[in-house]
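Note sheet for the following structure.
Here the chain labels run A, B, C, D and E in written order, and each chain numbers its own residues starting at 1.
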């Protein structure tokens, strides 16, 4: 299965703000394969959500392209997309509370995509049956249908969000930090459910998070972003064994871990220093160079290019 | 006195000078008279105002060729020494006094008289309408002789001159703006006269803030002997609409007099205080229910008669604090009033008969009577209520509207917006029956608030023209008499409720009110006041 | 606490969730004595407004009655709030005057709320587009003038009466609803559930009506209740200067202003209707605050 | 900060343009209403020619846009707002006469509202839930619900019976004193403190009647803001970090709490001028609101336009001042608009 | 244990919040202590009452809505009771809050906020002296460009800088006890590490006692000696940090550890289903019962007591020592 679900080429997104142009995503390329769980990691403000938003069509890119299943160009905003495309690409947000309408019961919430994407008029009974089917898939009891979102817990809300995405019967789901608003104990339940559903429904995921440990445990491949650009991009196992980019190393080294065993897996010789600059005044050259312990003169001059350091493992650094 | 009640039509409270604190504008030791009224004049220009409040001001600042006399209001010389009319009644020659000077010391000459009349007739505002079709030309024959050439005979001519005031032409001309709507005459001094006086009267304006305060001070150069020392050195009149404030100021002693149509409760409350008294001044005017002769159902004379019978005259007079009777359309104290017909009395049975005789008898409910009155005009609201409930008991449907003054005027300007009946006080413009008869019933004076009757009666018009054109007094009175009889017995355009009496309240501890003058505004001639 | 439990339990069992949630809100609401006081006052006002002509001692006094002989009687058992200059019973007139206050309030809301909310929804949804700018521009235009002045200007342009007083006030009032709705809709547009429905291709009208509107109704209802008070105050200030309801029909503001000239001797002519105005406004304010508590807490 | 000011000035300009459009709307409206204000202004029996002449002088016989353009030209080139049919003089002069007096009244009210409102609100918040707090809350609730005219009448009667303050009117200011048109200020400028005292004394009642409602409202808002901020983390943090209690309340708590208060304050002050007419009528205060009421009731076209215009400007200026104040208090806004 | 030597001693603390819906019985009866120079961790799910405990210790809990009962809260031997006590307790604790952006006054400059603290700590000094003290304080938290920071408002600083400022401010007071309430949750991993290291260093250097609350279990493990695990207002497990992390006894702790994704990539256990019970009418037995795989009738009826285990650990579970069951 090497067919690409999503292929991103030279994607750039700029926002015009009061204080100038903000390049949220800067010349990013990667692809997501069919049935794959692709992790996108990076610190806050690095542009992860912006990429996700462009894929689902919240807004179009400034430049670059996004291709769906190697053929359909989807680098347009959602308004100009046809319904079938909207159906095939779904989205789950970080904040489960905010993504459910507090004035609607779970049944009403779920019936929207069910009816919208049915392609024909459904009877009430049909809708009901489908809703129940989906609810069962995500493992929520049927009596939840009559509750308002505020009456159920955070984890359950997120399951409803997943159910709502599934109701469209999609091929690809963008998961924008689906668990970071939840407690660890609940996070586990959701991630496991997501993996299970992926297998069952032959789904592909773009899994956006800043928790590297989580990516380690559920993604097939991952990309690390820093200030709008991707700095490293590899298979999960390869990445954790052999991180190449100084930022990824710093990131890994910073992870607080629970056991000595894990401690040993972390790169030892690098320490976190400096502050993350504002994306509004990005450093010239390599965006990471002000914090980089290995920086050379060239780093502050030229923007490094993405290079394949080993098969399937790309990094973007002058020093490799 | 003239055709309008006070401008605001509101209860004429008069504002004292400054009550909050002692006046600082008057020099120490000067006597100050403080009064209020609900609306102060908008200008000091004698060519513009016709309202009671305007006139109260004018009499103190300006003078006329002739003035009404104190006993009966008939004209007597003021600035003119004597006059004579030509045989054909088309020319009047006036000999002016030689000793008159304006407040600034300039002597008054025929030039001033000509200027004043020309100015008024050109501007066309104020009382100009009285002589509009009559006065052809004013000629200054020599320095102290003026000749008026008329285009047609006009019986009340001399009487009418009591409304035409003489201004200081030199002063006004010196202060005329070049640009204005009067061509060569620029603004004709209207700008200057907004806030300045230019007359020969015993007082001059020393400060005038529109709709707020006006301050009058003695004319030091008064030609007719010095203004009596007992008269107030300064008169401050403030505009004050809120009756309660007026009342409190008055009983506090912060106020010397309150002008106008206060309602009876206020008067009662105030006169309970020691020294506070009320003057009763019968105006040359009446309270009318003016019935629209063009609008159903009041276009039917039977309905109008029914309304006349439905009016509880006695109680209404009582409400107004015991006002004298009105008998017919002309005030009883006016030159030309004739009493040779029978008026109406409160008689519901007769009213019912009249209704039965009318074409609306079976259909009263479909012809509601709209009854308007002026907001805040003393006790008139009560009269209207009394009338309305009486009418309702007869089966009419009555809609009452308490209308702000301006709205009232606006409505009356056109037949479409005029109501069936209005209640208001109307007064003569010059002291003669012809004035009020023309103002209220001539077909050419419709569209003014004094005439909600909307009379279009050819017979009446020709009678009126004939009367006004008659120079001989007795003949004219006889004609007036016929008109009154005709109106009361055949046309029935109005209900004549009772005479108009204004009741200024004053503090007798502070000053002494002079002997009564037949013409209302001359009761506010401050030179006659005696301060204590 | 037991009631609370029951309410909770009912929700648990998944009966009609909407009704249950209403019940819960009601329970919360009813526990606040001030809100309940507000509700009681408002209900009483409504009751009085509807039935005043049938319950007052002298219903005829709302009209043209004149009983000059009985004028200016102080409060007594026969005339609870005394009589006025025409000898009419002030108590009866106050109660009947309540009706016009309420009717004007309702009329104003009936005009300004739908207008304001619809415009606000459209402007909010199409934020940044021409239509939105246009709407908000007009809104600002109307908000650039003090409401009372605007209302009076509009009022004097028409003739007097209920409807025109209401139109006058409504002209000054709708922009506030537009702006409020606009603000809420623009912030709702950033809510993820709206973003989601937009992304999934739900029609605009449906988003506005079934996703957004239910989320702003509670704020609008709260504002309406609070506004009732302000509108009644404004209307009474207007009738204080003679705009609006015309005599002989009683209106509270006009009663106060007419009574002022009889101060201080006949104080009841002003004081009594003024108290009624304060009471009505107080009632609506208390109710509004109560609703605000319940509805905004529910939101969280 | 400079950029903030620029932004605010831009907004002001925007408002002025808005108001010009509004004046056009008002013009059209006035032309639409039945009745002829020109005729009414000239007295009952004035002949039609004279009225027509007047109409043409006032541009009332011209097409609306022409009339409006003429008016606009007058306003822009010579500050000429047209002639009032109510006072027969230039509206600009009327404004000059009445507006300063109202502004002065509002100025004193504004000070009163600010000081008393904030003080009462602060006390209420500090003694949250005590009997004092409850009493204050109760009174301010009542205050918010009581119409200004009722308060005015009440004060009038009280003061009448007690005889403490003058119950209406203002002392006459000698003509040679007049500089700004504000009575008190003129007295101060001339140095006549005795008269200034009298002016102040006369202003007490109108000021009180006009402010009490707003004071109550401000107290409520300020209390709310304080109470909300008391729970803020930074207060707890400053408390643990050892900031003294006085500083904590008067500085660390007051400053952020003042932001919402100031916004409401601006609205209140701006609306004071519009709401003042009843008070001005009751207390015989010769101010602009009363004038507005008069021109509105007289349907005086240029008067109404000018009044709406002036109110619009006042609203805009007050709002701009509040914006500046808020930006001054709240660095978040300042920095966000100027970086 | 010699109580006099304790940096903090809380005995049988109970906290209720009165809110619109009713009374939240958040903390039913909690005891904990911190010894001199000891670093203690406090972990638990969102809403389990960690902040509440810290705030009660620092005596800054707002009442109302909080209703506090306790047998004792003593900081360095001084009880918080009475006005005097309160003041001296506050003098003896410093606290860093969860969210650096909300714990600095947004309307005051950093220098103003710091000076106000200094003025109350060291009254009567000259301006320049205060300035120097502030610079020193900022230096001690390795703040880049401290002068610029002093002249800034909080909005002008990044999250990491704000947290440094908070720490500097907390350190200005010479106290024995430092309470750190999730000082790093709002920050990114790389910055989080810097801040934790800094805090660790300072506390060690100055021999302060520390309570660190954190969601990041790794951080707790790195810095603290002893850890309290809380669940729904109760302490469910206490012990040496390393030991608790390696061999958790309480089913909640066990679930928590298992659910945390590991760098080793060994997969994720299924976590703990369900939510914290409502604090309005909390269950009368064990509050964890509804989510507990070991739950028995006993658990539903009586709340377990924190009991000593043979390995020095304390666990509040009716089934303590039955790890096998999970």
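Definition applied: a residue touches a chain if its C-beta (ideal position, glycine included) is under 8 Å from a C-beta of that chain, and two chains touch if they have at least 3 such contacts.
No experiment lies behind these values; they were computed from the predicted model shown.
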**Asked** Take chain A away without moving anything else; what clusters of touching chains remain?
**Response** one piece
**Prompt:** Which chain's C-alpha centroid is most distant from that of chain A?
**Reply:** B
**Asked** Among the chains, which is located farthest from chain E on the basis of C-alpha centroids?
**Response** B
**Asked** Using CA atom averages as chain centres, what separation in Å is found between chain B and chain E?
**Response** 89
**Fill in**
So, in whole Å, the Cα centroid of chain D is separated from that of chain E by 52
**Item:** Gap in Å, rounded to a whole number, between the CA centres of chain E and chain C
**Value:** 49
**Request:** Could you list which residues of chain D touch at least two other chains?
**Result:** 153, 156, 160, 281-282, 297, 299, 336
**Request:** Find every residue in chain A that makes contact with two or more other chains and list them.
**Result:** none
**Request:** Would you give the residues of chain E that are in contact with at least 2 other chains, written as numbers and ranges?
**Result:** none
**Message:** Please output the residues of chain C touching chain D within their complex, sorted ascending.
**Reply:** 137, 140-141, 144-150, 152-154, 156-158, 229, 233, 236-237, 240-241, 253, 256-257, 260, 263-264, 267, 270, 274, 277-278, 281-282, 285
**Request:** Please name which positions on chain C make contact with chain A in the complex.
**Result:** 11, 14-17, 21, 191-202, 211, 214-215, 298-300
**Request:** State the interface residues of chain C toward chain B in the complex, per the touch definition above.
**Result:** 64-66, 68, 72, 85-86, 160, 242, 246-248, 260-266
**Complete:** The chain B residues in contact with chain D across the complex are 3-4, 15-25, 42-43, 48-50, 123-126, 128-129, 132, 181, 190-191, 194, 207, 209-213, 215, 236, 238, 240-242, 244-245, 248-249, 252, 254, 404, 406-407, 409-411, 413-414, 417, 439, 445, 448-450
**Message:** If we count contacts the way the header does, which residues on chain E are in touch with chain D in the complex?
**Reply:** 55, 58, 60, 62, 64, 90-91, 93-95, 97-99, 102-108, 113, 116-117, 119-121, 153-156, 166, 169-170, 172-173
